[in-house]
Amino acid sequence: MRLRMPFARGRKEFPSHLWTQCPGCGEMLFNKQLVRNLNVCTSCEHHFRFGGRERIELLVDRGSFEEHDSEMTSADPLVFADSKPYPTRIEAARAKSGEQDAVITGFALIGEVPTAIASMDFDFIGGSMGSVVGEKITRVAERALAERRPLVIVSASGGARMQEGTIALMQMAKIVAALGRLADAGLPFVSVLTDPTTGGVLASYASLGDLIVAEPGALIGFSGARVTDQTIGEKLPTGFQRSEFVLEHGFIDQIVPRAQLRDRLAFFLTAFRPVAHDMRWSL
Amino acid sequence: MVDKLLGKRTAVETNGHLPEAGLITDARAIAATRGTAWQAVQLARDPKRPHAQDVIAGAFDRFQELHGDRLFRDDPAVIGGIAEIDGLYVVVVGQQKGSSTEENIARNFGMPHPEGYRKAIRLYRLAEKFHLPLITLIDTPGAFPGPEAEERGQAEAIARSIEAMTRLATPVVVVVLGEGGSGGALALGVGDVVLALENAVYSVISPEGAAAILFRSNAEAQRAASALRLAGPDLLELGIVDALIPEPPGGAQTDHTATAKAVRAALTSELERLSRVPTADLLSARYERFRAIGVVVEPSAGQAPPKKEPWWRRGIGKVRL
Amino acid sequence: MRLRMPFARGRKEFPSHLWTQCPGCGEMLFNKQLVRNLNVCTSCEHHFRFGGRERIELLVDRGSFEEHDSEMTSADPLVFADSKPYPTRIEAARAKSGEQDAVITGFALIGEVPTAIASMDFDFIGGSMGSVVGEKITRVAERALAERRPLVIVSASGGARMQEGTIALMQMAKIVAALGRLADAGLPFVSVLTDPTTGGVLASYASLGDLIVAEPGALIGFSGARVTDQTIGEKLPTGFQRSEFVLEHGFIDQIVPRAQLRDRLAFFLTAFRPVAHDMRWSL
Amino acid sequence: MVDKLLGKRTAVETNGHLPEAGLITDARAIAATRGTAWQAVQLARDPKRPHAQDVIAGAFDRFQELHGDRLFRDDPAVIGGIAEIDGLYVVVVGQQKGSSTEENIARNFGMPHPEGYRKAIRLYRLAEKFHLPLITLIDTPGAFPGPEAEERGQAEAIARSIEAMTRLATPVVVVVLGEGGSGGALALGVGDVVLALENAVYSVISPEGAAAILFRSNAEAQRAASALRLAGPDLLELGIVDALIPEPPGGAQTDHTATAKAVRAALTSELERLSRVPTADLLSARYERFRAIGVVVEPSAGQAPPKKEPWWRRGIGKVRL
């Protein structure tokens, strides 16, 4: 199974110029080449962020993605009194990301295994989780259950969406409850953590994978480093809340470079696939 | 929610809750006496307010505290044990703030470490194993954000705690006593019935935190508090809590005994009701309760709908364009 | 439920003289008074060790104890080549403790709750676990399962009995497997740790209680402090491996003074007793 | 054990094990080449001996290592992951010693901390959830006895690991690769079939530890080793292991590839057999396998026997007077 070049757009993180300086090694990288290398620095392998839709193209068997609930959008249930109205923020995020909200969900094949997938997009209000993220992930989990497919969620999020208040907070319980039914049915859930996965997303579904893999160098933590810093009034250790730190502390199974992610998922999903005489999920 | 199952539901639209035991189930009923969001925050944080231990001492007949997560440490910010109420044994788990600076330091201001949540999970499982109803008492500014907590998996612990509650095969009653701070509160917050004391607050982020992000100023916390809709009547209107437990005039801090009595009345009434519901119905009602929270906009036409109308469409508060 | 004076013999720990010096406070204690106070120092509450049979008398409703397998004794399956033959050691232990081996098992009422109980005796080769301990505890657990009773095990042991080699080691698995069936059936197991509970006993059944309570100041640890000391080449902290230390580290539910143990067990066993409409274990 | 269930058992008394795949099931077969107990201890500890990673690399077609206990730390003394063998996916968990001093320090000489056992438990549960057979590889002087290990509950972790294995609803094959040191080994040692490499040892206590207690001298370790009956043929005679996997002439350290091949042959044969046994039968046979270990003396008359002859009397090796 060879990797194909998964996308054409190089929009993410490269506004308008031709070159990007790598924060990992300082090298100046030619954008086109960077995109061709899956937004990974060709010199130090620093993983730049990656869009939610590009992620799906990267991971699933070519042409197999069937999107669900693509037109679902946010309401403003709290009529949130921000410096900018919440609907205006949504509109801006839509324009910036090209997405309707911070997650894309659907069915696809991964290494020929029929799978349900959700992929978050950090460009949409920091990948924050409000009602739409909660509802779309819950639905795709429920559909995975109904059709006995494994579920893969790729997270990239700052946490719950403040503008939806406790309604956003409750999405954590809602999604986790749906994952619980998936688990009860013996269906696998693989959680993929990318830069950044923090707050209420990490404190709910992102931490509950049967397997959890992370991209190299991703920020993974519950509290923002700023909050933690203030709390203890001292500098945090280098590498704090990065994938490698989290691996060492026992919370993820593997760190997987972006280029290998697809094959790795295919291996796991195939391994978990029930043997013929004991059919428990869709073949 | 549960009333539906028992077929006892009256005409009153009460978030699945009968207006029994003097509970407040309609925000309009207390509109007249309602203060500002910021006042609610201050009342909820009042160090003189009854905390978990006070409520336990006043609401139950006997209590034996149980310690430890069996993994790393006994976290003093979370207390739990077996209690007796009117001859019924229950498991109680709550976040514990201090009433003095000294006690607050010992209790880490009610901010649990991961081991606190893991102790909670252990006690949830104990409740499930012996079919004892579970009562949780929420009162925390949030999960502790320190580096040790991060190292030991604060997020994982919260996630597992939420997961355990969503599937716990025994009745679960949640009471927000004071501050319901974010995911660190929700880790104790998934129940068949979610109650809150009248002046409790429950929020996705602290007003100060929200102000720092929204208005780039901690001083705007009052404004943020109001925007977040975190006070009791808001929570009732949004369907986050099922009912409010009335506090004595002036607030719970003025009379711990009366407050504990009100909690006791609410608990006995809820437990009496829930204990008659078969476990499978309890679990599906609990699922639906949280499943229904969320407001989204969906075009009535557009993308091909799933083959048949799936059951999960029921109940969600959707705006159809 | 008032405590009665549970036993007449004061044999344990007081060879032949009238007075004992308390290692807790240095006070000289009149043996008769010490025995009357359940082998607890009247001045500092230091808990001296307590015999396995006296323990049962202390904990169960008067006259309710029905012993099982009282005549089961050890064989010498390895023909163990010790400085003293294993059968000779057994004989000496029998004389010293008055017991046939290191555990006493049977059925009894505790606070009127029909219960299965096992109580270890440290005087029998350091309460070590060989085939007899393994078989008797396994049987009482299996009988508890058959008659749907909760199980209480009071541990006092240095660990597995060396003279029975890997056969002793396997008793850990055997007992734990029996406890697993008890747990699957929803029957409670309360583990009581007394001075000392270490090695293979702590690393198996003693750590698996639905509730675990310990007497004050009991030595509770996996490795002997001597081994641990040698390993790290430094002095261990005060209180290391004592009940209070273990409580702080989250491994026991409560520290219960000996005089309160009976009532506390009665409370727990009553709390776990199924309510009438949901009969799952014997009333 | 399992053969009985499948009704395939031949006349040979083989601890429930068919003498397939070149396995040694009768100690007499290797009596001629058998060394002293102390030689076995030295061979089992040989740093050049193939360790878990070597065996995994040689016996499986693919392997993906999985990390972490989800609680505290990833313990390098325990490795585990998903492996493929002849198209069958399995979970493998093993203690990992180093081949060099450097690696041994990193691996803590194969002595797990509690987090190592908790990682093992996590992987056991993963195997159970997806019905993947579990293979454990034992090679440890024992659980780490340091104070941090005590603080984090070494005993509790071992007990839970044993408990998990006794009830794990998937086939479990245990292979003692080198040193099987006490409870720290048994935590990986409860399976449907327990195999050992020919020169492996398995003991309730290290010979040195036993010597210090029995003879008040570490120097008597050789004598203690012999008394403890810890070598392969002893284990076979005592029914602790079901069969020995033959090592290349001179010992496993002389040929890692041949050793891994022998392990692979044993595993494929066992897995093939076990995968056909219904889970309930597997679990009761596993229970009975360990249930039967122990030798006690019971007076044939005496104390009133239980009302009816209970099923648990079957199988136990008793001396009746």
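Points to keep in mind about this one:
The letters A, B, C and D name the chains in turn, as written, and every chain counts its residues from 1.
Following the convention adopted for this analysis, contacts are C-beta pairs under 8 Å (C-beta built on N, C-alpha and C of every residue); 3 or more make two chains touch, one makes a residue touch a chain.
Please read these numbers as outputs of a predicted model, since none were measured by experiment.
Following the contact convention of this document, D is the list of chains adjacent to both subunit A and subunit B. Centre to centre, using the average C-alpha position, subunit B and subunit D are separated by 47 Å. With each centre defined as the average position of its C-alpha atoms, the distance from subunit A to subunit D rounds to 40 Å. The geometric centre of subunit C is 28 Å away from that of subunit D, both derived from CA atoms.
Contacts with at least two other chains are made by residues 70-72, 152-153, 156 of subunit D. Counting only residues that touch two or more partner chains, subunit A has 249-251. Interchain contacts give a graph that is no line, ring or star and is not complete, per the touch definition above. Looking at the complex, you find that subunit B touches subunit D at residues 70-72, 118, 152-153, 156. Taken together, the subunit D residues at the contact with subunit C in this complex read 143-147, 149-156, 158-160, 162-163, 165-167, 182-183, 186-187, 189-190, 202-205, 209-210, 213-215, 223, 226-230, 235, 238, 240, 286-287, 290-291, 293-299, 302-303, 306, 310, 312, 316, 319. Looking at the complex, you find that subunit A touches subunit B at residues 67-75, 77-78, 80-83, 131-132, 134-135, 138-139, 142-143, 146, 160, 162, 164-174, 176-181, 184, 199-200, 202-208, 221-223, 227-228, 231-232, 236-237, 240-241, 249-251.
Every residue of subunit D that touches subunit A in the complex is listed here, in rising order: 62, 64-75, 82, 84, 88-89, 115, 119, 126, 129-132.
Partner subunit B is touched in their complex by these residues of subunit C: 183, 186, 188, 210-211, 247-254, 264, 267-268, 270-272, 274-275, 278, 280.
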